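Shown next, in structure tokens, is the structure this report addresses.
Labels A, B, C and D are assigned to the chains in the order they are written; within every chain, residues are numbered from 1.
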Amino acid sequence: MMEATNAELYRLVLTDAPYVIGAYAILWIAFVVYLSMVLARMMRLEKEVDLLESAVSKRSGE
Amino acid sequence: MTDAALTSNALEVRDLSRTFGARKALDGVDFDLPTGAFLSIFGPNGAGKSTLLKVLSTLTPPSKGSAKVLGLDVVEGAVELRERIGFISHNPLLYPDLSAEENLEFFAEIYCIDRPKERIRELLDAVELDHRRLDLVRTFSRGMLQRLSIARALLHDPALIYLDEPYSGLDPHAMDILDGLIERVREGRTFVMVSHDLSKGLELCSHALILSKGRIVLFQDKDLIDEDEFHQTYRSTVGLGVS
Amino acid sequence: MSSWRQFKAILKKDIVMELRTKEMLTSMGLYALLVLVVYYITLSQAGADFEVRRIAAGLLWLVFIFTSLLGLNRSLVHEKDQGCLEALLISPTDRPVIFFGKAVGNLIFLLIVEALIVPLFFFIFLARPGAQAGGPVWMLALALILGSIGIAGVGTLLATMSVNTKGKDFILAVLFIPIMFPLLLAVVAGSAAVLQADPEYVRTFWQMMGLAAGYDVIMLLAAFGLYEFVLGA
Amino acid sequence: MKQLRTAIVLVAIGGLLTTAAFLMAFFTAEVQQFGTVTLEQEVDTVFPVAPDQFQPPAGEGIAYVRPWFSQKIFYFHVPVAEASFLVLIISAVFAIRFLTSKRAEFDTKSRIAMETALVFVVLTMITGVLWTRASWGVWWEWEPRLTTYFIMMLMMIAYFVLRNSIEEEERRATYAAVFAVVAAINAPISFMITRVIPSNHPVVFQPGMASSNLLPFIIGQIGMLMIGYGIYTARMTEERLRERVEIAKEALEG
């Protein structure tokens, strides 16, 4: 009986919990996704730079 | 003015560069032009011709180096310099909804000219537009627009006139009139013209300059120019610019 | 003073051109009238007991913000079209003179349109038998003037940028409305206070006018300082 | 790639700090109170009994203090929001430096700072919306801070729209810089003006706040700034690579 009402109290209070957790989750996911996008782009660019710059040095060496 | 008289150079360009990031619009441009000369600037698209004109007409400051026009620095003496230069472009730079006279009156006020009425009358006479002075510029033909635009540029009696592709879009007749006008006002003035039209530019000029990729490829007195060789040089730079 | 002479010339030229073509005033005025028609459609569904007065200030400013976009764009397109702005820049005109010349011209046209639309709006939507009377007219006029000064000043800066972009009208709206947000909030609140004339409205009104005036001063200074860079580009 | 390493280290430390703040918010921070919950009878619970003035008339149950869990968003929401503001100002400072020096690097810096600020503003908006839903039961409320951030987001989007609509590089950089300055001046005005109009946004950060609450907040704030700087550094590294690609391409094409 007492346990039941205590649980009720928690239920009343914890209705906002999903939103709090959701907010944190979205923040983290957003950072991770954004940074991994940047990293992926950077890796691609790195390859491109290597390719192009070796081509340039080859040409200037000729 | 005294400086200009002293050095007798209308333009003194020293190691002029105009860069933005990795892009070099002008790269170490360096030349002198004597007062009273007519300089024609040639070059392919993107060679830096209009940037050079912009720097010389105080619209953009140089990134490096300096330029003196009529003895005045284009940055420090900009305001004073603006009173002494005129500008004729392929755009008429006139308001279509004002009459010829109103347009000139507006620019006379902008240049703070004394006794504007007489000056305007005199100029309209000179460009043979006196009979159309009350008509809206909107109704003018291309050639008439160009004539009025010359009158506008001469309002404040500038010592140096910039011409930005003045012949583009003109029919042969209008070109002849423009030639005649330029010939008439040439006395005592320095001209700098940017042009695509090789033969026209060579015909008028006393000095020729070819720009490519922001650098001077050739700068010569007209008397020293061998025309075939000049065409050859121009073609090779344009060819270079395209590939 | 040569600057004063140049300023007068720019202003006079804009007014002469406008009187000749009536381009800006007709387009702005007509547009405002069309918006009034749309308001009628909107309000026709609100029911007889709906108090239009409560939202009148917002509706009024809505007309002006959109008509001003139209006018600002036009006014700078005139300068841009034949390269006239370039001709001004190459002349010995100080850049601030160009800014004030254009901004004051825009302000005048905006005020003319407002002077035509406000009475019309009043007679169509507010002059009903039994409707309560609002505050004095001069208060509304003050709100309109303070709002228009901000619109003309900041608008001239932003329109000078947007005429050089692809899709000018759209860009102007996108830049202009968020920047105008604080001013709009203040003048709408101030005008609403006057129109509703609730008790104590004079205090709210003056508070809002203070905010609007503060915005005008700060933003005009900023626009004035930045205009030279915009012209130089 | 020294810069990339810096970026990774910054983001990692920032991540640790914000996680610490997150955990502290739940385990060490004092739970703030938000109204009361009335039950029919007394129960055995850790929730404290509300002060007398909140108690219902005798015989109608007993009021307990309601712990305010949605307030926990505060430890994230406010640091993100303040970081976004700061980064916007930094972007405007770079914009001014660009306008006075006309050097392209400041334009890039200003643009990247603006992009970072936009990321933060969007996150502020999302956490703010979730907070309104949790606390007030609605998804959106036109209240001062949310409105301000909404306007800030619009201005930042407008900044990128403006950039995309101009071809010529130098003009694009100049106009963007001018707009960045105007936006940075406008943001605090919006913030101030939305507050003058009465509203019900809570002011959580009170002077009397317990130090157990202040500590996780400060740690979260520092962590968030580090993440922000990390994002900025990473993006700058990317832009530098991009420039190198452009230069190499130009060199190859003639």
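Here is the rule we use: a contact is a pair of C-beta atoms (placed from the backbone, for glycine too) under 8 Å apart; a residue touches a chain by one contact, two chains touch by 3 or more.
Quick caveat: nothing in here was measured; it's all calculated off a predicted structure.
Nearest to the overall CA centre, using the mean of each chain's CA atoms, is chain C. Looking at C-D alongside B-D, one finds more C-beta pairs in contact between the chains of C-D.
Centroids of subunit C and subunit D (each the mean of its C-alpha atoms) stand 33 Å apart.
Rounded to a whole number, the gap between the C-alpha centres of subunit B and subunit D is 53 angstrom.
Taking the mean of the C-alpha atoms as each chain's centre, subunit A and subunit D sit 16 Å apart. Note: centroid distance subunit B to subunit C, computed from Cα atoms, is 39 Å. Chain contacts: subunit D has residues 170 touching two or more partner chains. Annotation for subunit C: residues 232 touch two or more other chains.
Not a single residue in subunit B touches at least two other chains. A list of each chain pair in contact follows: A-D, B-C, B-D, C-D.
Per the touch definition, subunit A reaches subunit D in the complex via residues 2, 5-6, 8-9, 12-17, 19-20, 22-24, 26-27, 30-31, 34-35, 38-39, 41-42, 45-46, 48-49, 52-53, 55-56, 59.
Residue ranges on subunit C touching subunit D, taken from their complex, read 154, 157-158, 161, 164-167, 171, 174-175, 177-179, 181-182, 185-186, 189, 207, 211, 215, 218-219, 222-223, 226, 229-230, 232-233. Within the complex formed with subunit B, the subunit D residues making contact are 102, 104-105, 169-170, 173, 243, 246-247, 250, 254.
For subunit B in complex with subunit D, the residues that touch the partner chain are 20-23, 61, 63, 240, 243. Those residues of subunit B that touch subunit C in the shared complex are 57-60, 79-80, 82-83, 85, 87, 89, 91-98, 102, 106-107, 109-112, 136, 152.
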